[in-house]
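For clarity, chains are labelled A, B, C and D in written order, and residue numbers in each chain start from 1.
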Amino acid sequence: MSPDLERLREAVPLVAAIPPGSLQIKLGEAVIGGPTPGVIAGPCAVENLEQVLCTARNVKAAGAHGLRGGAFKPRSSPYSFQGLGRPALEMLAAAKIETGLFLTIEVTDQTQVELVAEYADLIQIGARNMQNFALLRAVGRTGRPVLLKRGLSATIQEWLQAAEYILAEGNRQVVLCERGIRTFETLTRNTFDVAAIPLLREITGLPVIADPSHAAGRRELVVPLARAALAAGAQGLIIEVHPQPEKALSDGPQSLNPTEFSGLMREITPLVGAVGREL
Amino acid sequence: MSPDLERLREAVPLVAAIPPGSLQIKLGEAVIGGPTPGVIAGPCAVENLEQVLCTARNVKAAGAHGLRGGAFKPRSSPYSFQGLGRPALEMLAAAKIETGLFLTIEVTDQTQVELVAEYADLIQIGARNMQNFALLRAVGRTGRPVLLKRGLSATIQEWLQAAEYILAEGNRQVVLCERGIRTFETLTRNTFDVAAIPLLREITGLPVIADPSHAAGRRELVVPLARAALAAGAQGLIIEVHPQPEKALSDGPQSLNPTEFSGLMREITPLVGAVGREL
Amino acid sequence: MSPDLERLREAVPLVAAIPPGSLQIKLGEAVIGGPTPGVIAGPCAVENLEQVLCTARNVKAAGAHGLRGGAFKPRSSPYSFQGLGRPALEMLAAAKIETGLFLTIEVTDQTQVELVAEYADLIQIGARNMQNFALLRAVGRTGRPVLLKRGLSATIQEWLQAAEYILAEGNRQVVLCERGIRTFETLTRNTFDVAAIPLLREITGLPVIADPSHAAGRRELVVPLARAALAAGAQGLIIEVHPQPEKALSDGPQSLNPTEFSGLMREITPLVGAVGREL
Amino acid sequence: MSPDLERLREAVPLVAAIPPGSLQIKLGEAVIGGPTPGVIAGPCAVENLEQVLCTARNVKAAGAHGLRGGAFKPRSSPYSFQGLGRPALEMLAAAKIETGLFLTIEVTDQTQVELVAEYADLIQIGARNMQNFALLRAVGRTGRPVLLKRGLSATIQEWLQAAEYILAEGNRQVVLCERGIRTFETLTRNTFDVAAIPLLREITGLPVIADPSHAAGRRELVVPLARAALAAGAQGLIIEVHPQPEKALSDGPQSLNPTEFSGLMREITPLVGAVGREL
């Protein structure tokens, strides 16, 4: 291993102690980190019960393993839709009961960690909170699996140090999620750093997944980025899906409708086979 | 005003409603936003009582108005020094009693906002927490003056939207602090975006100060960046000062010793006069 | 098509007039832009005849279509190896005669365009010269196919405008090459902007290839990035290969040896099939 | 000196051999690098004789030392105004004869270096050509003073290495010009890296000036950035001035009219005194 990666590994001893390929995280009946890439899909924000159930049925039918949906939304503006809060958690729970999909729910406030942990199979830390160390410690202490998104301008080292905060609480069930970094290019919402995926997998056994929706910010790029991520070694995907993207309260331009999501699942199947895995 | 600034102003109605030059924030016996630039100085982290008192006396003698000092440190690594916590608050209080300097203290955890607000005249939100919206709301509710640092890769719009979260809680006593953004240049810790200072002052009356220490990351650049900031319209400075920078538990390379800080104060005096203000 | 892409297309009328998927560029017996991805391989710099011949034979045997090799090297330092110049062109010509590989040669100086055009099947404009407009016009006038690399911090629009300079000289045989952009991340040499590939293919029929070697700057990332590029729609690859990377005069850390390159070709074969193409 | 700056100095031995503060470059009757900051002003592009003469008279009257004006414009688009070419050189010469201002003229094509050198007192290498090594060598060989702008995403090390190319031709009359770097912030055209100024002055005696017009891209920021640059140690300024900015063929939004330029000169006078220099 090169000296720069050795130094990085020394900065994150718990993260580096997990041998590449060794960690599988069980989420409901699915596993992330095993031979099958895990696919999580759903709306940016939960808007109402019908929207959640409709999306959940569709993504389940298309082959997804998990359902994502925001109850508490971290928004740049205080005047943007902030999420339905607690009722959204109940709607997600109903969708889980009906479909069997595991639930991925973001937590944005350390005082809500316990509440979210009651509902979420996989607690999400969003990009803006990657260095909210109090929140990292709090989710670490729950012992529940955590999805840790990369910060908007976080280096790979800072990202793994954020994971180290969670592991230092005795919780090593951390999934890393590449979602793009901020650069000067404005045609995409973020620049998807696909090289981070194989680099992370060389350093640690923490599973690595990709969020092509937030990286691209444009619907038509979601499928090619999803394919690129899997080809580079991603062990899963998280995709924004909305029954009617043009009416979504947030992130419409990057959301797929259920038909487009089914198309994505069909497109990635042969690719997953080609890189020696199954779906 | 140009259309892009008009659109920005519409996104932050409370921030934009404060006319440029109109808001003065009283902190102890000092004022930020008035004719005299306010100077805040002190160590990155409080290490012990002697260090705090020694620094406070020295920076007071050199002409500083406020004392900074970290009690709770947000550190990229869980293994770095995290601050002394509550005892540090008592040490800062002692220094305030002796010197009359107002206190600037960072809060990193929303459950500690009340505690920090008891001690701090100016509650600091650090760069990593600029979009920790729960924390922004909590400091907004205290009604105490807030120092809001720019995020590592935050646009000016996002920064002002973060301020808007605080104002939306009924608290308009917000000081904005430019501290450099993340770019590809590695000789400096961050790239000090000096143009942000006049741009912000065109948009809002919230006072704008500069942190040349974190921007530069190198001691020898602190004085020229401080001068540049004031020449561009900064209404204050926050400077890292440590009795023995080479022994500092954090940020030593960018800290000035008391003699260097006195030199900085002497250097900026004629410049402040030249731009039509006083010190 | 979205309004931002429409505006971009209006800025580059000649580039946008080539319908996606319509342009095939013939290079010797190979074609770039057709159903088979074109693979170009070879050393960063030509060092001696044996090195070139050895590399050419090996990459030909492994399935490459073109040979790359620098005769004139644009180096950040005037004291770095600047290339062998004219003799290197003769060595490349000898390798072409023996192997049938087409030649890709960079031109860095407008006074050498004619000379390079005598030898090169595909004239390369490097990243540092992407906005050297005099050079763009000069290669445009040769009528020879051109490989146009993206500038280190060029937006997609600026890149296509650089291509427009070539097309405006009556030469539409331009291959675009994504090679990474400059960001704050230091573990990779550049950040490979894989999203640029499908975005370009949506806008224009100019073929798009990828250079994972320069993007990564690390040997172990070349294969995963090559796979990601093809999965995202890249129509070819350009790969640095050196008989003994540890002794290379430039770019050793990112060069594959012939055995590793054969491995790369084997790895990408099923993937190319999976995305509906052949190799 | 810190180890990182020592390593940088070793990479550019000729640049580092010039002791800080030691080099004065004579340009007509003005000097750059001496106690008085040199001010260069004029239009982005020469449009006609009247425009050049009018601007020259006005900026001379306001106290400028040099006249800038583009004859050959490097434009991102082949369809943008490319400059008047040779006739513009004659117009600039006429303005020099009348006003005594020295001439700063950009060269974009190595075949025009001799021609431009006949007219220019200070030959400008623009940001897009900072790593056009053939052009750097060609201007180096003229022996004329060179204004070397920083590349759009060039590190300080790469910038000094570009200067080293010129010095290696036996020409050490190089003025460095900070003009902003490319970042994610979109409210300014570039991010003005004011810290580069004192850092460069610590490393080398090559004079350092600033271009606030291109950095800002907005007229109202030119004065504050000019003041910041001088306060940080800049030894000169280059400012875009146009008789009627709203009718300019290029860079209108960032150009000052003559009255605004006179205001700038008045504003910087006390500041220059305050930092121990004169104007």
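Convention: contacts are C-beta pairs under 8 Å (C-beta built on N, C-alpha and C of every residue); 3 or more make two chains touch, one makes a residue touch a chain.
What you see is a predicted model; the values in this text were computed from it and never measured.
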Turn needed to bring subunit C onto subunit D - CA fit, degrees, nearest 5: 180
Far-end chain from subunit D, centres as C-alpha averages: A
Between subunit B and subunit A, distance of the C-alpha-averaged centres to the nearest whole Å: 34
Subunit B-subunit C separation of Cα centroids, rounded to whole Å: 48
Touching two or more other chains - residue numbers and ranges from subunit C: 153, 157, 182-184, 186
Subunit A-facing residues of subunit C, complex: 2, 4-5, 8, 153, 155-157, 181, 183-188, 191-199, 202, 215-216, 218, 220-221, 224-225, 227-233, 270-271, 273-275
Residue ranges of subunit D touching subunit C (in the complex, touch as defined): 11, 74-79, 108-111, 128-129, 131-135, 152-153, 157-158, 161-162, 164-165, 168, 182
Residues of subunit C that touch subunit B when the two form their complex: 182-184, 186
